[in-house]
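Some structures to go through are shown next.
Note that subunit A is present in both complexes that follow, paired respectively with subunit B and with subunit C.
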Partner chain A sequence: MKIHRHRGRVGLLAAAAALSLVLTACGNGDTDGNQDDGDVSGELTMLTPIYEGTEGNRLLEEEILPAFYEEYPEVTVSVDYQTYGTLNEKLTTAVAGGLIPDVMMMGVGWVEAFAANGVLAELDSLGVTAESLAGDYTPQIVAGGTVDGSLYALPIMLDTRFGCARMDLLAEAGYEQPPASWEELRDYAVALTERDGSGTLQRAGFDMLSMDLRQMYEVFLFSAGGSLFNEGATEPTFNSAEGVAALEFITGLMNQDQVEDIGFSNTDADVHPLLNGRAAMAVCHNNLWIQLQEAAPELADQIQPFLINGTQPGMFFGGTLATVSASSENQQAALALAQFLAGPEPSLAANEQRGNVPALTELLDSGYVQGNPLVQFAMENLDVAQREGGPPQWLEIRGDFSPAIESALLEQKTPQQALDDLAEAARAAMGR
Partner chain B sequence: MVAPAVAHAAIWIAVPVLATLVLSFTDYRVFAAPRWIGFGNYVEIWHDQVFRKATWNTVVYTFFTVPFSMGIAVVVAVLLNQKLRLRTAYRAAFFLPQVTATVAIAMVWLRIYNPQFGPLNGVLSFFGVPGRAWLADPDWALWSVIVVGVWQGIGLKMLIYLAALQNVDENLYEAAAIDGASPVRQFFAITLPMLKPATFFVFVVSIIGAFQVFDLVYVLTDGGPANATTMMTYEVYRSAFQDFRMGMACAQSVVLFAFLLFLTIVNRRLTRSDEK
Partner chain C sequence: MTATAPAIRARPAPTAAQARRRRLLVRVGLHLLLALGAVTMIVPFVWMLLTSVKSPAELASFPPTFWPDEWVWSNYSGAMQAAPFATYFRNSLIIATGHTLITLLFGSLAGYALARIPFRGRELLFLGFIAMLMIPTYTKIVPQFLIVRFMPLSGGNDLFGQGGSGWLNTWWALLIPGGLSPFAIFLFRQFYLSLPRELEEAARIDGLGELRIWAQIYTPLIKPAVATVALLTFQESWNNFLWPLLVTTRDELRVIQVGLAVFQQQENTAWHHLMAGTTLATVPMVLLFLLAQRYFIQGFTQAGIK
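Showing the complex of A and B:
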């Protein structure tokens, strides 16, 4: 079964290589941007936080890159594997040392900082524009790689966050559908929370701690109709009434309703609480499906995704994009690699390995997406998803989010104070 | 003859230190050339509540880990200086945390502190004591980190004390025994005074090590919850690699260096006056 799949994948990769060439040619509307694969050559370095682990390395080195080399025999690629946790350090030292990789994978929200500081090549000048991607990607995903109207990054995969419910546990409590509003979410969570005789939490009605606090908060912020920054990303708006309401709702769940206790779970939990019955609902990541298949396949029919509805449906998306270094001596080759990796089959393979959401809308019909309810749910609801980022200082600002959310959860500050202080720090960063 | 040593010191010590000092007066963000801002970074540090918290946490961490681990280390060293069966194995066991990667140690302690499945809460529960979210509770997180720091720090200190104990004249103990001094009296009247030079060395090295604690915090708590366990080195790291503010990171490093220099000088003065 697996061999069969791999055979099919190699064939599709070859087809993808051809397709990427077509895309490249389509993108190159002017003569400057034209590239013949015979002209594309050079030694490339690539920095990537995806394709991690043995399986990821194998996928890249034994399937994706060989297919790329078939089309571009004069190009060689050296891969520097990192994780998202170490990517900042690597990029910082690379920039400081003047050894910037030709192709860099980075997250949504990172592009602005590196583009604004001249690290990334403007892809428009290389013949690929946001308009040329418009038919293949939803606009907000393309916007994640666009700065001041110019395209700097090609989307490969998305990470989404939304609500997930254990329907068997909900059914035990008499609920047949996931909560459709904040009020229902609170009611369900309170009813589903279980403690033993000594008051020790046995099951969280709604788990918020297995998710990065910033991203968890952003789901509620977006569902409250709030945003991180104003339209021009010149002023923080997460401390608006909507933002405060979102944080008040979260802290209320934790401290007044006590649907979860501090320390009950964390982002490094071996098994997600939904899968071992320690939580009835949670804010979850689309790659939960991968863990479910490994740890609790019998729950496949019981995990149901849902949009968290405040004044509007809220869903968060991040993602991984391919960029080209502005200082690359082999920009055409680097662009060819970035386009190849963002092409249908390589990106499908990478998404399948990580359990993520393909950025290309045409992949909604793929077997992988159709067989993964969480990814399918995410793709079907991308129109309501919002991303983080905005100002070039986002990478500096985002690090202060979790301590601020924590300070509210721990009742060291009111939600308003926590967000106001955070907004003040954000303004200071944006003013530097 | 001294040229290689001077070159080494210049290239690997003087230049980086001077560069750090100079960059601390700049707004250097990696992407662009440094811009001179005078004492701007230092003024910001002075008003930075998080760095102030980090400084306090570092002082508390040092204040507790250094004396506690030194105290335990000297007792263990004296015990392991006796003729015991499996003495070498005991010595190796105590030294093991020192040669084990801190990340691995931290991972083990993460398990121990796990509020739901960790053995610590399991043992407490057995005795009817309610467990805690050790690393997630701001009232306990720093103390939990300190305990790991003490445990990890015993090995090296014990080794230095063991080495120093080999130079203590056995005749002193024999004379004291003849005079009727108990082992405890011998420990306080002979062992500790004779270990004073080693103690000074251990103290200085331990303070420097404690002020530079990073990986333990990085793995155990990531500075949280709500900055309850952030340290000076952790803030340096955040400034450099999260905020891309190399100039600020350099200024914070200089502040850290000043702390260490001050403590070392004070300790040296105290020891000197003691020697006189």
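Showing the complex of A and C:
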């Protein structure tokens, strides 16, 4: 069944390629026609942390690239598969060695650093602008590929984080809907927390530890109306009153309300605690649906996503974007490949393979999105989603986040102290 | 008045039976302690084996089960299909074997020279090797990468290392930079130092040159060192992940650890496949240890490594 669907996808990809070519040609009619496939040629190298494993390789090399080659027969692509865990090292050594791949996939929040170092091509000069993407993506997603008003990256897929609830457990406690505010979240979490006679936690009312602490905190920061940095990304703002309130709420849940104990779960847990009933609610990733289908398909109707509402709805998004090397000798071909991969059918296929959220707004109606409640929820709420990143030093700064959040959770520092110290470290990094 | 000193009563010597009982108690206690240590060591390994045959649904259950309810052997075939493991396995084997052979040959030669051949600057050179032990691996990665990238007259590079890609994407990059470690040289030197000088003198009287003394007299006497260095080198090389990933771009040159990384995505780990793949990846190391364990233990004991 699956094989048939994939075979069918080849045709769709070819059609998409044709459409992509037509759209590109139309869109760039006034930019000396540099996207005419007659001019697009060369041997390209591509670095990617997605399309991994046999299934991902097969998707890229047997479906997506052949469809690309149909439209650009003078282009060949050799692919370097990486993981996100090693991508930074690979990019760093590639830059140091002067062998920068023509097309590079990287995460939201990474673009600023590599753009600042002159590694990435400004796509505006190649005929693709942030304005031209405005109709296809939400403004926040376009902003993830934009630095100082210039476009450097095309979005392919998103990773989102939001609240998830086990509705069967909520129903047992008399709740029919997920919490609609921080206050309700606290009340629900307290009511849903279960301990045995000796006080050992049996079920967390609200799990915060299965998610990377930085990303978990950012969901609350955004829902408190806070931001990581100011408008020009020149000054950290996560230690503002909103940021402190968010961290105080989290530490309150953990230490005063005791809806979860330190060490109860972690990011490497065998299975998400929502799936085995060890938690009633949690901050979760859209990828939870993939785990659910494998481990607990009977819960498909019981997991319900919700936005965490403070002063505003909070949702976090990261993701993978395609960029073009500033030093590429075949920039038009590289741009054509990046655009093709970010196009509807190839990006939909890539998202489906990883269980991620398509960045293109039009894909909300696709069968994949409609069949995955968490992805669908994420896409329907992308207008409130906010991203991380800002200054070029973000990759350095972000590593300090989790220890700072941890120090507040462990009550080694007050939330204000933890965030002030973190802001100081961020300022030092930004000043270097 | 006479004071009588208290009589010093000799402790009665333990009977043979008491001594035997005490020895037995000590031995039982020791064995219990060692058994506890052994169980502590082996539980993670057993857990890995058992996890590798559990279904995702069983892995999700809480409390976790120790014995699988159902033995899902298809996890192994599933894991093997998730990445080109045959290629990765072959590459890991070539690289680990290559590193081991290079280390044994050149490491023992260098260790022998530092231990047994007096030459000017020998101590300084040895201190240099010791200093190299202190340098963290991560700090060496970029300089090593640049050396490989700008290797003259390779991969299209000219004499000055420009114009091509050097050793990148070649077996040279995989085999040469990690081929010899200062630790191996240090270990060999210590072993060669422990051998009696008389052997060397007798060999010289018999007319043997340095190479033959190294090959025929001294090296056969340090088999434990050879086994120890071989196993440690093979293991380190087998587990290497980052370097092969940095210097290659093609799947045909990638290693087994890269295959295992496929099961760990950012937000989702396929534990059943990861444990099946890891079990398969440990097989060569376990076999190697079983074959060489006698020498390996001797080597560790003599070198005082813990």
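In the analysis below, the second predicted complex is superposed on the first by the 424 of 432 C-alpha atoms of A that agree within 3 Å, B and C clash if a C-alpha of one lies under 4 Å from a C-alpha of the other, contacts with A are read in each partner's own complex, and residues count from 1 in each chain.
The definition used in the following text is that contacts are C-beta pairs under 8 Å (C-beta built on N, C-alpha and C of every residue); 3 or more make two chains touch, one makes a residue touch a chain.
The structure displayed is predicted, hence computed values, not measured ones.
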Inset, instruction - Considering only touches as defined above, state whether A:410 meets subunit B (first), subunit C (second), both or neither. - result: first
Inset, instruction - Give one of first, second, both or neither to describe whether A:100 is in contact with subunit B, with subunit C, with both, or with none. - result: neither
Inset, instruction - Scan A:432 for contacts with subunit B and subunit C and give back first, second, both or neither. - result: first
Inset, instruction - Pick one for A:89: touches subunit B only (first), subunit C only (second), both, or neither. - result: both
Legend entry - Touched partner set for A:78, first subunit B, second subunit C, both or neither: second
Legend entry - Partner with the higher number of touched subunit A residues, subunit C or subunit B: C
Inset, instruction - Please indicate which partner A:167 is in contact with in the superposed arrangement: first for subunit B, second for subunit C, both, or neither. - result: neither
Inset, instruction - Please indicate which partner A:119 is in contact with in the superposed arrangement: first for subunit B, second for subunit C, both, or neither. - result: first
Inset, instruction - Answer with first, second, both or neither: which of subunit B and subunit C does A:396 touch in the superposed model? - result: first
Legend entry - Where subunit A meets both subunit C and subunit B, residue numbers: 89, 92, 96, 268, 278
Inset, instruction - Using the touch definition up top, name the residues of subunit B that touch subunit A in the complex. - result: 27, 29-32, 50, 110, 115-116, 130-138, 223-227, 238, 240-246
Legend entry - Touching residues (chain side subunit A, partner subunit B) in the complex: 88-89, 92, 95-96, 113, 117-119, 198, 200, 261-264, 266, 268, 278, 395-396, 399, 402-403, 406-407, 410, 412, 429, 432
Inset, instruction - Spell out the residues on subunit C that touch subunit A in their complex, using ranges where they run on. - result: 56-57, 59-62, 64, 81-84, 141-142, 145-146, 149-150, 165, 168, 241-242, 245-246, 249-251, 261-262, 264-271
Legend entry - In the complex with subunit C, residue positions of subunit A that touch it: 45, 47, 52-55, 57, 78-86, 89-90, 92-93, 96-99, 159, 268, 270-271, 275-278, 285, 287-288, 290-291, 294-296, 354-355
